[in-house]
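By written order: A, B, C, D and E. Residues from 1 in each chain.
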Amino acid sequence: MTKAEKQAELIRDISGVDPYKCMKCGKCTATCPSYAEMDIKPHQFVSFVIRGEIEALTKSRSLEKCLSCFACIERCPRSVEPGRLIDAARQLAARERGGGFLTTEEVPEMCDPDTPSQLLVSAYRRYRR
Amino acid sequence: MQIEKTAHAAENKEWKPMIVAFCCNWCSYAGADLAGSSRLSYPADVKIIRVPCSCRVNPMFILRAFERGADGVIICGCHPGDCHYTTGNYYTRRRMALLFSMLDFIGVENGRTRVEWVSAAEGAKFSATMNEFTAKIRSLGENVRLGDLRCRN
Amino acid sequence: MQRIGVFVCHCGSNIAATVDVKRVVECARLEPGVVFAEDYQYMCSEAGQMKIADAIKREGLTGVVVCSCSPRMHEATFRKCAEGAGLNPYMLEIANIREQCSWIHKDMETATEKAVVLMRAAVAKVNLNVPLKSGESRVTKRALVIGGGIAGIQTALDIAEAGYEVDIVEKTPSIGGRMAQLDKTFPTLDCSACILTPKMVEAAAHEKIRIFTYSEVEKVTGFVGDFTVDIRKKARSVDIDKCTGCGVCQEKCPSKTAKSEFNRGLSKRSAIYTPFAQAVPNVPVIDREHCIKFKTGKCGVCSKVCPAGAIDYEMRDEIITEKYGAIVAATGFDMISLDKYDEYAYKKSPDVITSLELERIMNAAGPTGGHLERLSDGKPPKNIVFIQCVGSRCADKRGKSYCSKICCMYTAKHAMLIRDKYPDTNVTVFYIDVRTPGKNFDEFYRRAVEEYHVNYIKGQVGKVLPQPDGTLLVQGADIIDGRQVLINADMVVLAAAIEPDPTARKLATMLTASIDTNGFLTEAHPKLRPVESPTAGIFLSGVCQGPKDIPETVSQAGAAAVKVIGLLSKDKLLTNPCTAKADELMCNGCSACANVCPYGAISYEDREVRGIGVREVRRVAVVNGALCQGCGACTVACPSGAMDLFGFSNRQITAEVDAICR
Amino acid sequence: MKYSYFPGCTLKNKASSLDRYARECAPLLGFELCELPEWQCCGGVYPLGRDETATKLSSVRALAAARSEGRDLVTLCSACHHVIKRVNDDMKNVEEIRTSANNYLALDEPYRGETNVLHYLEVLRDVVGFENVKKQVKNPLKGKKIGAYYGCLLLRPSGVMAFDDPEDPTILEDFIRAIGAEPVIYPYRNECCGGYVSLKDRELSRGMADKVEASASGFGTEMLITACPLCLYNLKKSKAALPVYYFTELLAEALGVAKDS
Amino acid sequence: MQELKKRLCELLSDGTVARVLGWRRGETSFDPEPAFFGSAEELSDFVYDGFCGANLSKMMIEAARLEGKTAVCLKPCDTYSYNQLIKEHRVDREKTYIIGVGCRGKLDIDKIRALGIKGILSISGTECDGDGDTLLIKTVYGDKSCKYADAMLSRCHVCRGKEHKIYDEIIGESRDTTDGDRFSEVEKLEAMAPRERFEFFRRELSRCIRCNACRNVCPACSCRKCVFDSNNFDSAQKANVDPFEEKMFHIIRAFHVAGRCTDCGECSRVCPENIPLHLFNRKFIKDINTFYGEYTAGEDAEAKCPLTDFDFGDAEPGDVTSGR
């Protein structure tokens, strides 16, 4: 098994998503509030996993742009739930890079006096291992 | 019959497996006919009993066959969804899944029982299945375990 | 003890080249019960058959085994021959020594041994055979069609044209069904009413057809050829014989708050109403929930104005009982509820409508008089967005897993009609796939794109966002371009999935016809018996069996009619004698057999059972021979072995097993 | 009626008014919130990965603690509610997660999802009843046009959250009616405010929040209410700058619980 | 028990029921037997204690044929059997008055003997309404004692709960006695090599004497005429002509009750040779749960039995046995 295949399998395992259930209707992309910021659109994630192009996924800007709003999960007519794939890819990227997308040093300057602790906690969980 | 069989073994004659195949009238029996008319051979050890539907096969028949010295029993029916009686093979599937699992549980090799869906057009599949199944039974050898159950306790 | 004759066929050299037929004959003579055995070149030839017939008479045979080709080939031939010689045909069995022996083996020794075993198994079986006789049942030469849409009307007309009586039962006040609600039909764009209403009138006028509208089937008993059906005629409150259909009552009725079912709730109707102008029969009903007279006791305007004196507030539901030889289900469909799809704002905005609602809006007799306008402000829409597959092809809990089949085509139709009539209007269609298998269908769709420039976008819509200015912001995807599309629409049309009419479920139970997980009635065989239900005598017409367009519905309706005619043309039905039967003394009455019977052939009766030391009333299984097809599922479900199958009995199969395993 | 109560990290500092008013209003409505003795932060995000166990443990501890108190577990913050309800669902239905979480925690009795998780609003709707809330209102917020902002976490995924119709929720609108005000329906009430990315990508989240507020004010909303500290933070930063409150603040006002108590 | 007895007397004397089905005191304090009681006087022999393990629901088939209503005492586990019998139309609910009797686990005299307690004269602490955890046993060798739980029937250690699934009234408290895993024995066997399994069953089944006690007690095995007593399969009982028939008998018996067996454990309880017959039934139950989803026979009187039902996506027999 090549590395890409292994990673593809890992993504499917972590996410629990069966990409073959997708019927390519595009409702995820239609529903995604931050689609404009994404280089790989939500409906394309499935194809990347099927083709085993995981590196492109883990390097994708989309991982940071996904808002985890679950709208694509809720509205997917085939219960494919592409949001799970994106989250799994983010997991994979964070686990591989060790530090993840966020370093401790950059956090203070991102905060303001009103920043709720919830935001910090969740950012750590989303972007780091 | 047992005595005869033992005598048989004593004479050191070549052992031939005894295989009973239950075939549903609409698909598998026709599939077997097609195998015949296409001259696709399979061992003569397989003897077919025609039943209207695979769901007619009572576990009693299968155990009876083993009791009487059969070495393997195979049930063939229409593919799920194609049953002439619409739903018969779905019941077969459940019944046999449970029965075979039970036979396995009490230590009877599960290779001796099999269910295969063969359509009327699948003469080649019928023949291949029977060849495969007979080879399997040959590799398992004489049905000693059931023989054990029969005479040695 | 049987007297069995064994006849071994050479089949030229087909058998004789590999099987030592003489040895098979010799071995046969040693089998218990065998009194005669011989071989012959061609058993199936006239001379061969003569040999069998002669031997039956000469030797007084009670059973026959023919070792020859497959029973699928000549069992019928030989059984007929045996019957000709005075033997019950079911006393004859075939040992298949050609397809299953000589043709697949090369070694004569092996093939002969196997042929002998197959012969023995057949002899063992015949030893236990009993004469079987096909039963006969009477056929009532009248058919019932349940549902008065195009499917039901067509089936009834075809049956009636063949000279048989037909009754149509329709639950609404008029026949016509969904097709009556349509404006135009694809792919020809002819007016739906123009082609449907003549058929409705023809059905009403046909001397062989009786129509029960505002009626429902209440109870069905009996079996193929002999059904007894209770039909509830709901109280119409208007005497159907007196009413002239002048319509004064509807005009004068002071209660006009009820929503018109025919217009999908988009307009109001009076409490006394006919669903639409061309209704058949053209006799109104009083909707008692909305009628002031029924609610308060005061009013009675309709009664006062009726020139024919047809109003009858005292009318009650009436049950009529009728006998039928065949029943056709033609219960049709409805659109699914869109309550759970509010990302499309169907509940929030009156300008988000279903396709069937658009159909009414486009219709000259509809709520807007045929003018395409927004229901919120009456303005003509300039940008219309169609959304396909709303609730179809869904693997989630909200929708249906199947393709509704008709939406692609009717949407192309709507898009084209709108572009034709209102060329200034922009039309966009969001689709997942455009499915157009059908004669002239793809051409039709291409016309929408090529001639009418309908904007087809491959992608779904994620959300419809009503704006403060009354427009609808449609947020969709164009997955070919890989981008999101935002369209400021002023009307959104949803191609909602269709589902079987809810009455089909109840009806299926009454008819013991099976339904699938989606609520569609199941056909007896998906390929070969598509218009028959697995239950004999029940036929399927139209969308109750699965999504269909009008041409398909009409052809299936005709096919169902042919099946019915074929059945009714017989005076008596011969029943398959290889049926199941329960041994009353052993039956537990536990219902296991009935639970697996695909034909509803097993019922339970409290019967007095008599046996040695037994005389009591017990609940026992009774198999209806006219319904049983002889699959044998029940025989295995039965734990006590009380249920057995003629022709393939437990003892017979056990004997075959024993004969093979010795 | 007593409930175990999981306040969550933010309610202990930045969002203390969400917490305080909720507690103070409860007795007037016939129930009591008993804070769990030792609770740990839920983590703020539900880990979607099926192989994530460690990140679910704090929720399981809270759930097991509520079980041992024999009470339903009430939460207020949308994120806590989301995380805890989904972890609870995993513990009930996903065998692998249940087994590995229980192996980690080694509780006296394995936790199998027995606790019922309720949002404060669910208590108001399903236990107290909005008619009864209405009866307790002393200062109805008459004439106020209030837009409910649901966001994502309370509603989705509806299969697990089972909070309300995810596309056409009514619970906050019913709440608004109960306290005497007028709800405003606008299409962005269940669209995302971009809260989770507001640390790293302020611009993106600002854009989302702007859309929400623009839509709300377009339909005549005078103020927004929410149940989520993160949404509140984010919405407050948007251009339109509509006043944004926690729903409990308005509840307290309507019930006459002094603002500065 | 006094409350139960009083209530039964009431039911009999006010004519609500014509008879009571319960347990009669046996010769010793640990062998009560099922019995019908026709009058308040007869009830003086009525007993209900820890040794009343017998499942009375099967006897209700007989009762359905008698005039008038019968009051029957059913423990929580017995109600599953009764429900199953309703589903199979074998009993008449209308003619039954179900008293759900409390249960805190039933006792097995053999378990006590196995603890090395011999020469038992009498046992106290067996009351169903008692809450003592200890049994006091008078023996010819002096007084002994043992833990209630240690003397419980195996089946009570895997009890499915204290809830009565059907009843007209409940008298007495029930307790959950589960402290084991219902399928652990089956799993242990499954983990063995086929050869070992085979040896195990050969050893166990070779003791079978075809006494039919298992068949007679089983509430699911209630055919008017057993297939093994009929000529239809040429399988009528022939005393040990062919020892295979014993195996066939137990496999087929378990197969015939598959999906109907409520796992009441009576078969193993009554087997004079102590063959663990319940293993066959549990294996089927476990397989049904695994292949077709959790199913509890007798949980209600409506659900379809898995063997008379199917799903289009069911597993293939070949996949199942090869462990796929």
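The criterion applied here is as follows: a contact is a pair of C-beta atoms (placed from the backbone, for glycine too) under 8 Å apart; a residue touches a chain by one contact, two chains touch by 3 or more.
What you see is a predicted model; the values in this text were computed from it and never measured.
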Compute the shortest path length in steps from chain C to chain E over the network of touching chains. 1
Which chains does chain A share as contact partners with chain B? C
Please list the single chain whose C-alpha centre lies closest to the global protein C-alpha centre. C
Going by the average position of its CA atoms, which chain sits the greatest distance from chain C? D
Tally the contacting C-beta pairs at the C-D interface and at the A-D interface, and name the larger one. A-D
Intercentroid distance (Cα basis), chain D paired with chain A, Å: 24
What whole-number Å value describes the gap between the mean CA coordinates of chain B and chain C? 36
Quick check: how many Å separate the C-alpha centres of chain D and chain E? 50
Check each residue of chain B and list the ones that touch at least two other chains. 58-60, 64, 81, 87, 91, 95
At which residue positions does chain E touch at least two other chains? 227, 233, 307-309
What positions in chain D touch 2 or more of the other chains? 191
Touching pairs of chains, all of them, please. A-C, A-D, B-C, B-E, C-D, C-E
Along chain A, where are the residues that touch chain C in the complex? 21, 23-32, 35-36, 41, 43-44, 71, 75-79
Looking at the complex, which residues from chain B come into contact with chain C? 1, 18, 20, 25, 29-30, 32-33, 35-37, 39-42, 44, 47-53, 55-61, 64-65, 68-70, 81-82, 84-88, 91, 95, 127
Using the touch rule from the top, collect the residues of chain D that touch chain A in their complex. 8-10, 13-15, 41, 43-45, 47-52, 55, 77, 79, 152-153, 155-158, 166, 191-192, 194-202, 204-205, 208, 229-230, 233, 236
Can you list the chain C residues touching chain A in their complex? 343, 389, 393-396, 398-399, 432, 458-463, 475-479, 482-485
Considering only the defined contacts, which chain E positions touch chain B in the complex? 186, 189-190, 194-202, 205-206, 227, 233, 235, 242-245, 247-248, 251-252, 254-255, 258, 280, 283-284, 287-288, 291-292, 306-312, 314-318, 320-322
